[in-house]
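Here the chain labels run A, B, C, D, E and F in written order, and each chain numbers its own residues starting at 1.
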Amino acid sequence: MPERTLLVVGAHSADFVWRAAGAVATFVRNGGRAHVVAMSYGERGESGELWKQPDQTEENVKRIRHAEATAAAEHLGASFEGLDLGDYPLRADEDAVGRLVEVIRELQPRVILTHPDKDPFNPDHPVARQAVDRARLLTSGAGVDSAFRTVPPTEYLAFEPHQPELCGFLPSVFVDITPVFEQKLSAMAEMKAQRYLQEYYAQRAEHRGNHARKVTGDKSIRQAEAFQRLVPNVVGAL
Amino acid sequence: MPERTLLVVGAHSADFVWRAAGAVATFVRNGGRAHVVAMSYGERGESGELWKQPDQTEENVKRIRHAEATAAAEHLGASFEGLDLGDYPLRADEDAVGRLVEVIRELQPRVILTHPDKDPFNPDHPVARQAVDRARLLTSGAGVDSAFRTVPPTEYLAFEPHQPELCGFLPSVFVDITPVFEQKLSAMAEMKAQRYLQEYYAQRAEHRGNHARKVTGDKSIRQAEAFQRLVPNVVGAL
Amino acid sequence: MPERTLLVVGAHSADFVWRAAGAVATFVRNGGRAHVVAMSYGERGESGELWKQPDQTEENVKRIRHAEATAAAEHLGASFEGLDLGDYPLRADEDAVGRLVEVIRELQPRVILTHPDKDPFNPDHPVARQAVDRARLLTSGAGVDSAFRTVPPTEYLAFEPHQPELCGFLPSVFVDITPVFEQKLSAMAEMKAQRYLQEYYAQRAEHRGNHARKVTGDKSIRQAEAFQRLVPNVVGAL
Amino acid sequence: MPERTLLVVGAHSADFVWRAAGAVATFVRNGGRAHVVAMSYGERGESGELWKQPDQTEENVKRIRHAEATAAAEHLGASFEGLDLGDYPLRADEDAVGRLVEVIRELQPRVILTHPDKDPFNPDHPVARQAVDRARLLTSGAGVDSAFRTVPPTEYLAFEPHQPELCGFLPSVFVDITPVFEQKLSAMAEMKAQRYLQEYYAQRAEHRGNHARKVTGDKSIRQAEAFQRLVPNVVGAL
Amino acid sequence: MPERTLLVVGAHSADFVWRAAGAVATFVRNGGRAHVVAMSYGERGESGELWKQPDQTEENVKRIRHAEATAAAEHLGASFEGLDLGDYPLRADEDAVGRLVEVIRELQPRVILTHPDKDPFNPDHPVARQAVDRARLLTSGAGVDSAFRTVPPTEYLAFEPHQPELCGFLPSVFVDITPVFEQKLSAMAEMKAQRYLQEYYAQRAEHRGNHARKVTGDKSIRQAEAFQRLVPNVVGAL
Amino acid sequence: MPERTLLVVGAHSADFVWRAAGAVATFVRNGGRAHVVAMSYGERGESGELWKQPDQTEENVKRIRHAEATAAAEHLGASFEGLDLGDYPLRADEDAVGRLVEVIRELQPRVILTHPDKDPFNPDHPVARQAVDRARLLTSGAGVDSAFRTVPPTEYLAFEPHQPELCGFLPSVFVDITPVFEQKLSAMAEMKAQRYLQEYYAQRAEHRGNHARKVTGDKSIRQAEAFQRLVPNVVGAL
């Protein structure tokens, strides 16, 4: 049986940790393969603590961010790849879309996770989303034979942004991450310079766990992550 | 292990057939129990052919509609119950909500299906939806111990209306009904006076099947039904 | 050929003048019949100037408002009827809906105009809208023969509210009222105590005329009124 | 100079504490008066811990909830009043609206805070909101002299619900509650049986504080509360 | 009197057939001129059957698609033009917009039809829409004299996409295509490799015909097409 | 104390006058500094009267428009700067965004005003908005230290477009411009060739003044301007 693969695409190298580490670890624990692509390292706009060090350079920040993301991905059982397209602003031209197309053709992912399409507080997140939208459709051929190599359709979901309402994020699925929550904590701990976000997203997982408990009545759920489906999913039965 | 139960609530006695017969039959085939509640028989506003017969009476129309719905439910392996609250207009006061509360307390359904909240072409569908919303919340106790008997939370979905866009219907899940499609055809055939709808919803199932094939790439899907989740669902993994 | 009839339903007796007088006069000028129903006289909440007179009574205010609305309707060639259901709050129970049902059955209108469904500045407008929605559907029988007398379907539009954006009003049609603008001015002038609104809606007609000129490039349009279609319209050709 | 008054209306007696305690305390600290109205005590649906005690009665639960809410309000410098209309389901008929009308006439509040209009997890919150909407408009007379006693218009805002996105909550204003955060903690501590919510809303205040810091760049903000304006506000200058 | 002209712009060469053939034929039958522009031939992403032939080439696919579209347009009385900009991905830079600008200046169309602005299943449809939006505005000069040659404003509508709800398509006008339905069938039959879509859109026309019958009560309507107005239309009377 | 600065960015050189002159003058009167940036002079698409002069040239139109905008800004106490990027179409590439970034870095504005994100009647307004969105975020660094120079966050509002509802404009704040209304009239009078807009926006200010009076009950308000907040604002108290 072919391996099930999960692809996570973030604008910056730490995005996947805060928003989807639990879903990634769960996917791997269930026998799947997970791969993370960061379109940039967030080296300019999201590495504030690192820039406090004297004589800091952009290359060094990117090196550190690459190492942190790789280590975080390892805690989850995933692989990590940085496209190094630059941040603030991230620019995703047709070449960048082409690189995502290659990744999708090679991995043939069953599920793709990325950003919501709107974020009034971040210039790069919507750019990343638009590129993933486009790459995903350019490999799908609308379900017919084509002049180009297509891959099977994927599930497609947005992970939770930092300020959900202001990004138009409406959760449609919660993933119970209780069994892998320690892995998420370990992955977040790799992002050493972002202590505030470690606490914020640990609490957020507890809150989403509470919501998931209320929705299901299943008191064994402690932590969860929220996602929004971008295309309907297909099931054999309810 | 307790039996899984599906509850379908429609404003009129034939609603469940057109919009959810496939999901009902699939649920039963998978070992669950399905129960259909019709708030009225649609005896005034949706039984046009029957009123063409001379000397037709409201009681007789209701009798025929009850028999048709019961037979249709049997094709799907489900039970049927008519609350006989009257149609055009359906009125759902607190007593009517109370009857739905009793049904929910007794069945403890795992999944509830009903109408979207808006329909510019039907006066009764939104009334039914509002009553189900209310009954569902009044049996849930917001997840805490309460002064009244609560039941475990349910999944909650809207089935597809006749004119989806004008009802604000946005599908979030397709159910593959290929294996039970003959059952849906048989159930629809019981609604003898509504030949047009039989054809329409058979075609609709084909179209939704096509959409589901495009989403999954699974060419074995022939027919499907579309639903919109009204509360997020919770899953252990993607 | 049967006469084409236009029905306008307002919460208060002056609503039709500000928002639809031009469309009413145009309809009549084109050979149709127009009838205005006011669910109340706005005697409590929209007759401020009249209450400044010493010893004013509710009955007297209603008498004056009835006379003003009748005179205004006459300028447009329309008939006027007040249901006298009371305002602030207007209550539209099933009996009130039943009265609208009777009006619709008798008139068999080709077009119905009423309020948008939302108004953060007026408690009665949404109540009127909901009653008209319901009465309209209860006389339509969803296009089939029914146990009750149905009438042919109508076009259905909302007229422009005082603060369009805050009411969710999105214009989908402008009516050129240039040829009947004097009639609208005369009708508005009957509302003697509401001089501000006379000026406001005269200007509004100029602005909507400007919008209509920009949309069409037709420089002969001077004044217009804006409406939002609530159900799609059907045309023989574009 | 007349005293500025703030009115908070919740469906249940603890709602104001979690969602608006900081804004209430700030209002009082600035010299205003604050009054809290609870439409019910939440005695059936939101007092789970109390019902775990043997021989508990509804009257006793209501007594305890009244005492807790009164004590919490005192920490904030506010007064508390329970309408005792019953919960799960809360029913707000015209009499209930009339009681709110009386409160608004007497207090002549400058600002009113209440629930968003939608909540897929709570049957009573939207009922409370609708009653406040109606009472507020029935005392406003659309800015004109009327047949009834009107009061000056109020600012009108929704406080933050438990699951903002699913309630359609879009924050339009954050209140910096740093100087009164200890008072909010004390008020929340009165709700002895709801320890989880105490923690949740303490964290929520930190998160909203972070959002407010990002929006302003003012690092002295530690905690904040989020509100959505329901009517535009008017300012002398930006 | 100047000839009335209709312009249809699609991303791929077959789009106009499925979605607007009836409106095109009706327009021509009423004495107008119709011109179809395809931004690409859909040679890569929407010509699956053709690619099943051995030794197929892109040039040959484009040649076949051009011939099919030209023949289909002839059945409707329209002319066809392919811009050959490439598909999957369609790229519409300022030069492409410039070509549409030239078409609009030359034709001075009274009505423009194109795609909705959103399509989660197709990468090219939104690109085409955006180009048409831009070209249309760049020839309009906001209704004033300009430094460039402007043309009279046009009506502007979106035709129906394949999955209306997921594309945010809300029909605002149905065109009765009963008298020209045979022409639509003939036009669709030219698209020999897309038998499924021929059946789908024949059925869709029946469904929309049913909707149009319900809206008007006019039983002579058998088939219809649905469109969404993108700017308000202006009428002389209702 | 550092000076408070207001930045207004319009697509064309006259936009700021119609939509925000009152807010600009009020800001300056309160001791702040105001700077206006026009991305183009609207020399091609919005200077119709000027093009009626024989032998008119683009350079001359731009010269006149620059002089008019400078004079208008002076009436308000503001400075004016034209980026001269060309109009119809305005193109805002990364260089153009870079110029706005420089302006924002230098001014460190407390408030930024610009266009809504949608305008079905203007090709340039959404382009300007998108550029300002991007420049604003690229100077904010998400509130953290960065590899680039950031500035304190700004308030961010859209000014009122010509057809508010069709642009999705929902006012969230009215500015009372009564004390500076004469200045707005003087500024508008500089736009000598656009007499219609002078009248339109004078009336619009009266209407918005009426709305503001209704919202506040403050009868001293005569004229106002409407704005929509694009990010929540933060206040010390309600």
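As a convention for this text, a contact is a pair of C-beta atoms (placed from the backbone, for glycine too) under 8 Å apart; a residue touches a chain by one contact, two chains touch by 3 or more.
These figures come from a predicted structure and were not determined experimentally.
Novice: Taking touch as defined above, what minimum step count separates chain B and chain F?
Specialist: Steps on the shortest route: 2.
Novice: By that same contact rule, can you tell me which chains touch chain C and chain D alike?
Specialist: Neighbours common to chain C and chain D are B, F.
Novice: Between copies chain C and chain E, what's the superposition rotation on C-alpha atoms, in steps of 5 degrees?
Specialist: With C-alpha atoms aligned, the rotation comes to 180 degrees.
Novice: Which chain maximises the distance between its CA centroid and that of chain D?
Specialist: Greatest centre separation from chain D goes to chain E.
Novice: Going by the average position of its CA atoms, which chain sits the greatest distance from chain F?
Specialist: So the farthest one, by centre of C-alpha atoms, is B.
Novice: Averaging only over C-alpha atoms, locate the centres of chain C and chain F and give their separation in whole Å.
Specialist: Averaging C-alpha atoms per chain gives centres 37 Å apart.
Novice: For chain D, which residues are shared contacts with two or more other chains?
Specialist: In chain D, residues 121, 142, 166, 171, 211, 214, 231-232 touch at least two other chains, as defined above.
Novice: Can you identify all of the chain pairs that touch?
Specialist: Result for touching pairs of chains: A-B, A-D, A-E, A-F, B-C, B-D, B-E, C-D, C-E, C-F, D-F, E-F.
Novice: Can you tell me which positions in chain D touch chain B when the two form their complex?
Specialist: Listed in rising order, the residues of chain D that touch chain B are 43-49, 51-52, 58, 61, 88-89, 91, 120-123, 166.
Novice: Flag every residue of chain B that touches chain A in the complex, lowest number first.
Specialist: So the residues of chain B in touch with chain A come to 6, 23, 26-27, 29-30, 111, 142-143, 152-153, 155, 157, 171-176, 211-218, 221, 224, 226-227, 229, 231-238.
Novice: Under the definition above, what is the set of chain F residues touching chain A in their complex?
Specialist: Spelled out, the residues of chain F in touch with chain A are 94, 97, 133-134, 137-138, 140-142, 144-148, 230-232.
Novice: Any idea which chain B residues touch chain E in the complex?
Specialist: These residues of chain B touch chain E: 121, 163-166, 169-171, 196, 200, 203, 207, 210-211, 214.
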